[in-house]
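We call the chains A, B, C and D, going by the order they appear; numbering starts again at 1 in every chain.
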Amino acid sequence: MPYTLQEVAQHNSPKSCWVIIKNQVYDVTDFLPEHPGGSKIILKYAGRDATDAFEPIHPPDALERYLPQSKHLGAVDSAAASQLQTARETKEKTADELRVEREQAAKPPLNRILDLQEMEDVARRLLPKKALAYYSSASDDEITHDENSRAFSRFFLLPRVMRPVSGTDPSTAILGFKSSIPVFVSGAALAKLGHPLGEANITRGAGRTGIIQMVSSNASLSYAQIAESRVSPNQILFFQLYKHKDDAVAEQRVREVEALGYKAIFLTVDAPYTGNRERDIKAGWELEDLERMAKEGVRTSDSPQKELPRKQGDLEVEEMDVSGTAGALVANDDVDMTWEKTIPWLRRTTKLPIVLKGVQCVEDAVLAAEAGVDGILLSNHGGRQLEYALPPVEVLYRLRKQRPDVFDKLEVYIDGGVKRGTDVLKALCLGAKAVGLGRQFLYAQSAYGAAGVVKSVRILEREIISGMRLLGVRRVEELVPEMVERVDFQPILAKL
Amino acid sequence: MPYTLQEVAQHNSPKSCWVIIKNQVYDVTDFLPEHPGGSKIILKYAGRDATDAFEPIHPPDALERYLPQSKHLGAVDSAAASQLQTARETKEKTADELRVEREQAAKPPLNRILDLQEMEDVARRLLPKKALAYYSSASDDEITHDENSRAFSRFFLLPRVMRPVSGTDPSTAILGFKSSIPVFVSGAALAKLGHPLGEANITRGAGRTGIIQMVSSNASLSYAQIAESRVSPNQILFFQLYKHKDDAVAEQRVREVEALGYKAIFLTVDAPYTGNRERDIKAGWELEDLERMAKEGVRTSDSPQKELPRKQGDLEVEEMDVSGTAGALVANDDVDMTWEKTIPWLRRTTKLPIVLKGVQCVEDAVLAAEAGVDGILLSNHGGRQLEYALPPVEVLYRLRKQRPDVFDKLEVYIDGGVKRGTDVLKALCLGAKAVGLGRQFLYAQSAYGAAGVVKSVRILEREIISGMRLLGVRRVEELVPEMVERVDFQPILAKL
Amino acid sequence: MPYTLQEVAQHNSPKSCWVIIKNQVYDVTDFLPEHPGGSKIILKYAGRDATDAFEPIHPPDALERYLPQSKHLGAVDSAAASQLQTARETKEKTADELRVEREQAAKPPLNRILDLQEMEDVARRLLPKKALAYYSSASDDEITHDENSRAFSRFFLLPRVMRPVSGTDPSTAILGFKSSIPVFVSGAALAKLGHPLGEANITRGAGRTGIIQMVSSNASLSYAQIAESRVSPNQILFFQLYKHKDDAVAEQRVREVEALGYKAIFLTVDAPYTGNRERDIKAGWELEDLERMAKEGVRTSDSPQKELPRKQGDLEVEEMDVSGTAGALVANDDVDMTWEKTIPWLRRTTKLPIVLKGVQCVEDAVLAAEAGVDGILLSNHGGRQLEYALPPVEVLYRLRKQRPDVFDKLEVYIDGGVKRGTDVLKALCLGAKAVGLGRQFLYAQSAYGAAGVVKSVRILEREIISGMRLLGVRRVEELVPEMVERVDFQPILAKL
Amino acid sequence: MPYTLQEVAQHNSPKSCWVIIKNQVYDVTDFLPEHPGGSKIILKYAGRDATDAFEPIHPPDALERYLPQSKHLGAVDSAAASQLQTARETKEKTADELRVEREQAAKPPLNRILDLQEMEDVARRLLPKKALAYYSSASDDEITHDENSRAFSRFFLLPRVMRPVSGTDPSTAILGFKSSIPVFVSGAALAKLGHPLGEANITRGAGRTGIIQMVSSNASLSYAQIAESRVSPNQILFFQLYKHKDDAVAEQRVREVEALGYKAIFLTVDAPYTGNRERDIKAGWELEDLERMAKEGVRTSDSPQKELPRKQGDLEVEEMDVSGTAGALVANDDVDMTWEKTIPWLRRTTKLPIVLKGVQCVEDAVLAAEAGVDGILLSNHGGRQLEYALPPVEVLYRLRKQRPDVFDKLEVYIDGGVKRGTDVLKALCLGAKAVGLGRQFLYAQSAYGAAGVVKSVRILEREIISGMRLLGVRRVEELVPEMVERVDFQPILAKL
């Protein structure tokens, strides 16, 4: 009993809301209030084809995972399918899509990319506006985001001379798993926004170069798809868990990734609420204005707001809908986790190593050690959560000075703002076991797919090896606190 | 015996000076030397209608308050009234008024305002030049003004993880009165300069959102009008007292606001003299030049001063008339207040709680505690008084470090430079009970009336709740000094 | 026996060099090697009228002072006088002179000048290029010059409240002489470069406003002319002595100024060599290029050097003639002064109080106190001598912290970078008795003559009184170290 | 048996590769894998004339030094020689060559150059793009490079007054050899890139002015040619040794320079690997694009990459060829030097004084003293090796504070970022015996040949003498740590 478009079109209200995704019809009426991204965005497509909006930000298994089988109503009829196909093919490209095509054609060849900043610059030019907003945005005035990077510039290195450096080896082990360099992919969501192959680009690039990927709960591919993208069965994946408020649901997710062969659980602890990412929020509006103006032939410099309806009752202030792309992702997460309850629960649930992702001060690092977890990732979520959280390298520095004993009890990692091999080396000198990069790999795969990821690792590898030699060390274990000094002046970052 | 315009016009000199305000004729000859703004400005309107100049900067009761009944001569005749009405209606708009109209029409809808800086940006574009100069100006080179904001950026937050944060509640009590968030409206004068409804916008917005307004002695509405604007009889108002040099006059003012239901006295202690607000002083000249040039079709870049009469005797330097809008307001204030005399006098005069507004160093905070007042507002008057006074958050930090006992003896507030929820949270971590905003509410009501005020509070509320959750606290009492660290580096405020 | 121009014109070589100044003929052949500014500049006018070049940078008594009477050959004949007069009247104005005339006509009326920076801005626009270069230039990259001002911005004030401030009095005494405000004119040479009346403008302005002027040895008026410019016989003048290498010549100069009624000797100790003032050196070249281009109708952006003769032998590098206007002034000074020799000599020579001008570190302040001088002026010569000398307010701060006893033994002053009343107050809080300004008065008199000087003092007076009231003090003696704090952050000086 | 061009042209592959250099034919087939710059660059000229590419970056003796006599096949025939000559004469100039010619013609006369920054500015304008890239580039984001200079600005001087300064003498001795000022030429390679006479310009300029030149192993003239360029047989040269990995080869090089009269060995210890000089790497690409566009009449702003072939297999990332000009120079160097092995070997090999060039921390300075070397040059290779190495003046400052005893055991020098006489004086106050400049002399000779070098030394001499006088010292030994203070504020370097 395939459906006609007319039939579907009648279910276009909160009372009965059907949508078409990849030629299949779904009744999402009951699901509306549960949708983490809010019902409003779904209702925009009520009674219509929602494929283009659905695909880039949901893993393919989202429908079967969250929608009971009974709501999968079945396929549209062939007339409908062909009509939808035609509609897709003849749809006029948006101004932003046209811009992206131009930029894709003009990007430099990959072998001219010399460092991760250049990789990012290419991606920033060719990413769709909305994807860039999601990837690049951070909280409030983005001060913590900017300082994450800038903090590294206050740490100088003290190279040693007259030491043999032939045969330098930058490899290490993370939670016991071999890594070709002391770098891993930190969880970063929605890779499909930037490239149609999404997280698989990262998985393949990481596998090829021998580094480990931590996969986000909010990946835009399914955990299974990502696991299947590995270049060999031995390739290591870690899992970044956003714990569901319902322990049973959370446990099921852990079981699932265990079964898929993921090797560690990184429990996100810094996101009981989504940070205020204004750049992300605005991107939607700006895009709307942009497309409208493109159609009307209006120049961008004209004030776009002029035509918008304005309804400003005296004290009736419209509620802000400011969740952006990010808000939706954490709506069902557990905001009441505790040391006493959550860690033991997770230990009971899995035998995998447990790492806390998002520790942001010395006190919590100490508590984590006391709680017996296997590692902590000092991270402020790339500046996307609490504005004015300290840069991770600053927290690492304080931990080294105040509680060096913690480094003996668990592995310490950092992420946030890392762009250069010297950044990695500084962190290792201060005691980090490895360093994560998130955004940089999203940019790399957006710009050049899996090859961009490979290239990024090669760049870091070259910079790390070069830095180790110039520091006078052959093995990462030789990197010690005496080789790094936090200076009292702020270098000018002219080229950045 | 209504007056003709001809009759009034004859009283156009210091010897006999009449003015018309709202069709009433007043003999202000004897008042000339007492006028806080100087006689010169009144004489400009001697024998003429002064309504447009009088209204935006005087409360309606100013005439009956300061001019004996015998000088209220009576109404103009109907011919005069109709002639004045016509004059008003046919008066050509000034270049600045036309600009303001254009900007009003082009402002973004309120629901697109994401933070207080954006609110301020809108207001800065659409405010009349003179109002903006009065609102935004600060002393000398505006260094203390700029540093008030920037100081917050040196305080970083140390978020705690694995703490339950559902049901976060940002409410507090100020002097025992409930406030929905730890924020109040700090005294800010002359709201009518920015919006015809003036301070009532703020009163209604504060009432609607459950925060407390401190009303300035120099409000452009009468204290009664403001009290009447409350959204409910329970809405709390505080009063900012500029103490008159004559104790009796001052006492009468306190009695008046007590009777109107105001609940606390914030005694201004930082303004025995008006700061040097050059931006404010210049605004008048620039406006004059602007209008002249607009009429003559001259381009702004031409030197306007060319045509001005210049009379530079050798050593005869004309006295500077540089009081600006602000100078007039404090001309009759008490410049000889002392701890020994003034506090006891005020305690005798009223049973209301007493707060000193404008304490600027640790020593005076200690003296205030010893003097037994109920609170102190660490404030440098928004950078409008002594240039190079320390930013309030820096004073708060020193007070916390040097004399933590003071926080047990009275309530401590700060104002100046606050624009973000994180600013509020930092102050609370350091021991402040609440934080005041002045200019930001003037901007909000100028841009969008009462709705702008409501929106501003909602923005702060969202930012405060979000920040509390990400810090790992549910109640404002859980905000402690250990959660804030003054760093030794200066973040770059790129977006600001 | 008056001379014809033809007769004079024959003496146009180093062997016989005559010049005409104000219609008088002088034989300067023997003087050539002694001329502090070098022989080259004189030879440019050999056999010709040199009046225009001579006048702005020499006091009128220079000729009789340095040239034996026998070399004063006598007047030119009346035909010559009339021919010179005609030449002067018909001389085409240079491009720079025309620019200066335009700027003079366009300057704002004096009553619109609100602060000393605005005064300086006016002067910078209307000064002849060469005068500006001499006044504004400082050593090397002008870092000490710029930091002199900026250093004040790291000192914040701690205002006290609840203190009576009516009747604030900013007057003080310097070396026992009354001063209306704690400010004096610090020695600054060549005022005639900026205004035809030269130093007399400053003398009259200082007299009118009750402050003291320190007169430079290198004034462009004679010491007698300056003394005669006083507004009353009681007006106090100090003398800045550049000690001649010949004690007898130096003694004679001291005797002369004693006789003229000067009341103190400020011995310059920081100028045994002239700093490297590149801006000053370049001004001559640039002016030359400019005039040439103006004549040839060439645009400034074209490379002017193209036409210059270039003679670059392989290793033969032409000696640099880089003395600029400044170099000449110190050529005959004593570069071998010592504590043991020079101070006792000066004490023997005069009963006037002795102040050392140019002390730049704590150690020398202590030595000065031990040597028994009456005062020291902490100064780096406005950044014109040793690049990277510390800003005076920083030296003052160190002196206060390390050797507070020195303040009891002599009077301490500072100059350099002072532009605001708050700068003065900070210095006084730290222990300075008074503060000198040099360049600012040169700018003021250049822009508006004596009235500019009066205005500048009035501005400072208003700022000082205002600042004292807001600090809670009535007398300068109440300004104490506790009222100033050196902060660890650098304010942004946006308006400056 | 002279060769025809046709014969040579047949040997144009890796299997048989001949090249012509200055009309001589060489068989470099076997040498290809050994070429430090890689085989690729040679193969570009296989079977062709390589003179223009070979000359600017190889000393003339490179061929006989590295190629067995049997591979020197002999001359081309006269037809070929004449044809090559014609080709050279009629070769069209590149866009960059034309630009360089224009800039050469427009450069200012040498006597208008006032300081080393101006000298550098001239050179930067007129240098070929590739030469500038090699001279100016530094590692990664060039932060250490930029901070090398900026670090000096945090050191202020404390001038002493009332000290005799006539007869100031800036001369010193380095390793016992007289130097007219405490400055030497630090090793800097490839001077021919900037000027056809190359290092000889520096040798002659240094000889003329009495300073010592340290000659780089990688000079573009032969060590003998440089020695022959001395202005007198007594002129002192030092040798910068890049130690070959084969001790015997290294020993032979030491013997050679001993025989040529070089007086000390500066052993490079900071270059076991070449830093990542992106500016240098990019210069080649950019030049290529530039020339192509010049030919095609395309504007520079157009994206040049568009036409480039792009081959981005999925995971096949092309190896980076990023050695740039610099990479080649160190390919055969010893990367396994140790304190235990290398210093004794060098001591055995030569009786010349030994200095370690590239010490970068206090610990290694101490080890050097213990190893008994004669001196250390604190240097980070001008920021060209490890990014985030500390500026040398900062290392010097730490050495002075932490281990002042080291200064008694060996001579300490610094190089990197020195541009002013005050920089030199600060280093001497902190204990340096002398200060090296590398790039500045490369720029000087590029701009003006040997005269530029002479001029640069004269400028420094004047600045040093002036600074010594203003500091109150006559001899360099009187420069003491008490005369320099590291301040806690960062001056703004407005002019730089």
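We adopt the following convention: a residue touches a chain if its C-beta (ideal position, glycine included) is under 8 Å from a C-beta of that chain, and two chains touch if they have at least 3 such contacts.
Bear in mind the structure is a predicted one, so any value in this text is a computation, not a measurement.
Visitor: Check every other chain and keep only those touching both chain A and chain D; list them.
Guide: The common neighbours do not exist; no chain touches both.
Visitor: Is the contact between chain A and chain B built from the same residue numbers on each copy (over half shared) or from different ones (under half shared)?
Guide: Shared-number fraction below one half, so different.
Visitor: Using CA atom averages as chain centres, what separation in Å is found between chain A and chain C?
Guide: 63
Visitor: Starting from the mean Cα coordinates of chain C and chain D, work out the distance between those two points in Å.
Guide: 45
Visitor: Can you pull out the residues of chain A that are in contact with at least two other chains?
Guide: 488, 490
Visitor: Any idea which chain A residues touch chain D in the complex?
Guide: 105-112, 114-115, 153, 155-166, 204-205, 208, 420, 422, 426, 448-451, 454-455, 458-459, 462-463, 466-467, 469-471, 482, 485, 487-496
Visitor: Using the touch rule from the top, collect the residues of chain B that touch chain C in their complex.
Guide: 140-143, 146-147, 150-151, 154, 269-270, 272-276, 278, 281-282, 285, 303, 305-306, 308-310, 312-318, 320, 322, 335-339, 342-343, 356, 358-361, 363-364, 367, 380, 385-390, 394, 488, 490
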